[in-house]
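We call the chains A, B, C, D and E, going by the order they appear; numbering starts again at 1 in every chain.
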Amino acid sequence: MKFYLKLGFILLAFCVVATAILAYVNSVTKPRIDELKRVAAQEAMAKLIPNAEFSDVVIHLPEGASTPDSLVYYIATAKADSTKILGYILSAEKHGYSSNVKTMAAIDTEFKLINIKVIEQAETPGLGANCSSDSFAERFKGLLPEKLLVDKDGGEVKAMTGATITTRAVTNSIRETIAIIRKDIESRANTLPEVEA
Amino acid sequence: MGFFGQLFVMAVSAIFIQNFVLAKFLGLCPYLGVSKKLDSAFGMGMAVIFVMTVASAFTFLIDKYLLVANGLEYLRTLAFILTIAALVQFVEMVIQKNAPALYKSLGVYLPLITTNCAVLGVAILNVTPLPDGSTYNFLWATLNGFLSGVGFTFVLLAMAGIRERLELVDMPKSMRGFASGLILAGTMALAFYGFMGLKI
Amino acid sequence: MKDKFIVSPAPHLHDRTSIPNVMWNVVIALLPALVFAVYYWGWRSLWLTLLGALSAVLTEALIQKLRKVPITISDGSAFLTGMLLSYNISANSPWWLPVLGAAFAIAVGKQVFGGLGNNPVNPALLGRAFLLASWPSLMTSGDTWIKTLSRPFSQASINGISNLDLIHQNLQTVAPKAYDLVTSATPLKVAQTLRDSSFVNTITSSDSLNSVISNNIFTSLFDLGTLQQLFWGNVGGCIGEVSVFALLLGAAYLLWKNIIEWRIPLFYIGTVFVLTFFLGGIKGTGYSLMLPFFHIFAGGLMLGAFFMATDYTTSPLTKKGRVIYAIGCGLMTVIIRLWGGYPEGVSYSILFMNVMTPLIDKITMPKAFGRIKK
Amino acid sequence: MRLKTFPGGVHPHDYKHYSASVPIEELPLPQKVIISLSQHIGSPSTPLVKVGDEVKAGQKIADASGFVSIPQHASISGKVSKIDIFPHPSGTPQLGIEISSDGSDNWVELADDPNYLELSPQEIRSRIAEAGICGMGGAGFPSVVKLSPPEDKPIDTVILNGVECEPYLTADYRLMLERASDVIAGLKILLKILNAPRGIIGIEANKPEAIALMQKLTADDSQISVAPLKLQYPQGAEKQLIYAITRRKVPAGGLPMAVGAVVENVGTAAAIYEAVRFRKPLVERITTVTGSIVQNPKNLKVRIGTPFYELVNFCGGITGDIGKIISGGPMMGVALPSLDAPVAKGCSGLVLLNTREARSIKERNCLRCARCVDVCPMNLMPSLIAQAVKGNNLDLAVQAGLDDCMKCGSCAYVCPAHIRIVQWIDTGKLRIAEQRASNK
Amino acid sequence: MSFFKELTKGIIKENPTFVIVLGMCPTLATTTSVKNAIGMGIAATFVLICSNIMISLIKNITPDKIRIPVYVVVIAAFVSVVDMAMAAYLPDLHKSLGLFIPLIVVNCIILGRAEAFANKNNVLNSMADGIGMGLGFTLSLSVVATIRELLGNGTWLDMRILPQSYNPMLIAILAPGAFFTLGFLMAAINMLKEKR
């Protein structure tokens, strides 16, 4: 028994030492990792709408309508003039060919697409995976939500060769998300100046 | 979608679409190493299913109530591997004591499972947020462990079947062993490609 | 005089079958399809087929020479593999596609494991899967399918949609892009797209008239005119998928010659027929007997069921095993066609069942005559 | 009517036209005969004579050496000139007794016993045993053993095997045509000994004359019937024949008596009749000498022990190069290195193939076409057995049915890769026997 | 001199991937590009060196019974350090290697070297062994990745090597291609071994 206790103590000692080391490393790296994450999100948004500051808005969706019960989008205001709304940033997500495709999209106050950026995906390399490229984003620039359909579905988004499903996932996810936040933005349009005032 | 609907989706995904071995590259060492004979592949498969299920349950609880609750996520790797090692040891002892016949057929594979990355892999994946931001609860994490184990066993058995057949024929010398095992794995991965993009 | 006689074990008689006999007979059975392909799509079908076969034969000879084993290209098996591989690509493919595919099929699918009889999966299908994974855009995109030529059978229809008025007057105005799709892809691709909920939604959401149209397009895929088209040929597709008639002709020859057995094709096609009857429709179209006929005529099912699933080496040994195998093939084909990422599931389902074959053999191992079943 | 048959099997061309219509001829007395001491399954007979002894035709010259054994008789009169190892129709040389003819064909005394059916079964059995009768279809199982089932295994069916499913051979066919009444008399004796209610004569459908004749002769006998059988090889294999006629499956490793049946060859039945009625020992039989290169293929009545070259010479010799000499039928017979071997009790035929017919084709890889599985009458996986033996996996070979194979050769007959499946199975059986012996 | 010998053996003679055949999962999963391969190799090398040193240091104070758990703890600790450091300083690489960083823990190479070498040898040699094995592992990963990236993307370390007109063979960077590539490399090595 004593022998096993001794073994337990030795193992425990190793664990304690290891935990201590890890705690230290964590204390050093964690702030940096968090910072990196924040900066990355900021940078991504800044790339979509330059020279702007972002504030987040949470919409609570009616219960049972969809799995996440809330949705976040960002209002981009000009750095120089915080009352001037440049546009909105939203993130949309839908299952594509072999993975969930997560996209960030920027729309202007007319709900016209400024730019998009696919943030996360694991689609087929060489086909669907090309949705991360800038040339893919080009296909979306300047489109109104009504036209946001893959060409094969009757819209104006040109599908990537051999990757219609991925294109469709990105397109539809953005269109559907715009539809959700549109109401919120439209109701806000009247109230925002008052808030600022 | 009801419980069984979700279960079906998860099963199809774990076995065919996102198979641990063929799509995620996890558990390759036993897949290539213990697939020479069907009997031993079956033993290994059963042992893996068992350990993956139990390990999923344990690590999930440890993660939720010990690590996340105290902000200790950085200890995950350490905690999980220790849990798995201890679990395997424990399972080995229990089986040895209570079911000697089972131990005889499974015993040799149990120690190998500690270093089977499929087990640690499923434990980590269970606590990683899913693409849509949600996470599994305890029940689904355990089921995921079980079904992933089934997926692993499924391809392990298929592989063993083919290799047992190839044992009898005259293969080029340089292709024997791991080389042909890998080519077979590639062939199987290609054969499973048809399930990619399956919408269920 | 004494030592001249051959002293070999019984039996001292042999029937006339031999491996070359079997292989070359299958090649013969595949010829009608080639004739139809050349008729509809021009000489390029023939050149591509020959290129594939030649590449397969050369690869086999080269590897056997390097391995210093007897060269067995005369048995016809490599030629057959190359030919089948070429039958799985479009007649519009670049010339190097069948060459690389056939070389891969022979080298990786067959010679790696020691040649004829040892391959775990059908080499031609492995070659096709290789091409599909490597150059998906060349293998699947609509542009590479040859648009139909104006031949006698095709005058009244475009790729399976035989009701021209419907397309011209309605679809073009409702969904011009969808119209393009319908006219350029394989019938199965059209069926898949039409079934795809987002497509149907786009049309149906606008107004009820259009919903009727989309349903009409879907059902017109399965009318008698379409089936005739598929039966005689001249729809978008691979070289070997050209015509159900040509393939059945070859299949009949093989059945008559006793080279293939009826179980695999019957149960394979039967499973697809039954399952698509119950599962193949879209919302609101109901059941129709045309639907399963469309599914067994369209795509590579005939080619696969008669010429590839029946491959000796990769199908189970026992009759019971072959039935299980064929039903498995049918099930997988329907799953991939109806819910999968690819419009066509024949090759993948056969490949998958090939992988399962040793296990099927194991569970269907017969009990010897007079042994009590456990 | 759908003809009776069994699952599996093949349909080789029967080549019986060479000799089917040739009536039985008696071969003139040979210069010498070699009476082998191993013409049957079981322990070899023990010689009763020594070199220099004078013997009469029909005289017992060797005795049974146990229960599963038979005595041997001189088939001609003359002098014992040698007791030595001689060539044997099984291919393996065996101990035998050579008798040089004195040309007189001097017989031991035979006694006609027309009331033979009133004898007790025990008496009949002893007469059969004394006559040295064993199965004449090829296997050579001592008849008396078959006819002495244990009390707890009543026999209800006696089957006469007139199938002759081996291509080329016509000896049984001619026997059934020319000595039909002897055959039926033999069957009646069998029914009497075994106290069996029914006797069935199984004949393949390609011998309609034999079927018709037998049906005519047994029409008024309620016990005996004729079963026409589908033309299918190996219809004449004991277990397959029993299944085709009675739908009973003989358990693996068991004897026909386990399902209440006894099977005897038609030739054996005729020999039994002669032995019981005339006490005539088994010293002659009908043998077919045939093949494309035999000048005049014939069905010959020959004395046991006559060397094969005598038979060939009597048929006018050969017209081309011999490729293969087969003792027995081409499916299960043995290829011999020379024509020196003598006719044994089980020799139903001698088939000579020319060089083209005998050419052997190189073995290729197994295609797994499963033709062998489809035709195997024993429901085994022959290709797998062959592969397993090649790959030295004897456990798998046994799983695939190594122990149950009766080596009918159907698998090798259809194999498109020309794999010598039977040869591999032989090898496997040898190896497994060694392995089991060393495990004991 | 033995230091140098231990250092070089891992590269060819006892190459962990091709000769000892350990650590298959990362070899296949992280070789879609040379960059990932090198990243993975370096991470594993770091853990390998550290754990080898540490284990050779503590080998005398660890009771035999709990040897394996202790080693696992040591290795897991170093892996976590690498994981966090990478997340903090090489976020892109960390993201693309993903799950396979924590899985270094169960990489059989590391536990294998701890068992087979470090617990029997002194610190210096263990370090050399760690460096050598790590280098060998990194090298093998790079070889596999080079083939896959070149064929599947036409580039090497993100530099375009094959002409723009090259129609990349996508399968090379997909899962089946990983198996095929490694399989043929193994066969080639078997052939070389046979010739020798």
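FYI, a contact is a pair of C-beta atoms (placed from the backbone, for glycine too) under 8 Å apart; a residue touches a chain by one contact, two chains touch by 3 or more.
Since we're looking at a predicted model, the values are computed, not measured.
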How many links in the shortest chain of touching chains run from chain A to chain E?
1
Ranked by contacting C-beta pairs, which pair of chains comes out on top?
C-D
Kindly work out which chain lies most centrally, taking the average of its C-alpha atoms as its position.
C
In whole angstrom, how far does the Cα centroid of chain C sit from the Cα centroid of chain E?
42
On a C-alpha centroid basis, what's the spacing between chain D and chain E, in Å?
70
Euclidean distance of C-alpha centroids - chain B vs chain C, Å
34
As a quick test, compute the distance in whole Å between the mean CA positions of chain C and chain D.
51
Would you mind listing the residues of chain E that make contact with two or more other chains?
69, 73, 76-77, 80, 84, 170, 174, 176-177, 180, 187
Interface hub residues of chain B, defined as touching at least two other chains:
74-75, 78, 82, 169-170, 175, 180, 183, 186-187, 190, 193, 196-197
In chain A, the residues touching two or more other chains are 15, 18, 22, 25-26, 30, 97-98, 124, 126-127, 165
Chain pairs that touch, all of them, please.
A-B, A-C, A-E, B-C, B-D, B-E, C-D, C-E
Can you list the chain E residues touching chain A in their complex?
32, 61-63, 65-66, 69-70, 73-74, 76-77, 80-81, 84-85, 87-89, 91, 152-153, 168, 170, 173-174
Using the touch definition up top, name the residues of chain B that touch chain C in the complex.
38, 157-158, 161-162, 164-166, 169-172, 175, 180, 183-184, 186-188, 190-200
Residues on chain A engaged by chain B in the complex (per definition of touch)
15, 18-19, 22-23, 25-26, 30, 67-68, 93, 95, 97-100, 102, 120, 124, 165
Name, in rising order, each residue of chain C that touches chain E in their complex.
108, 112, 130, 133-136, 138
Looking at the complex, which residues from chain D come into contact with chain B?
365-366, 387-388, 390-391, 393, 396
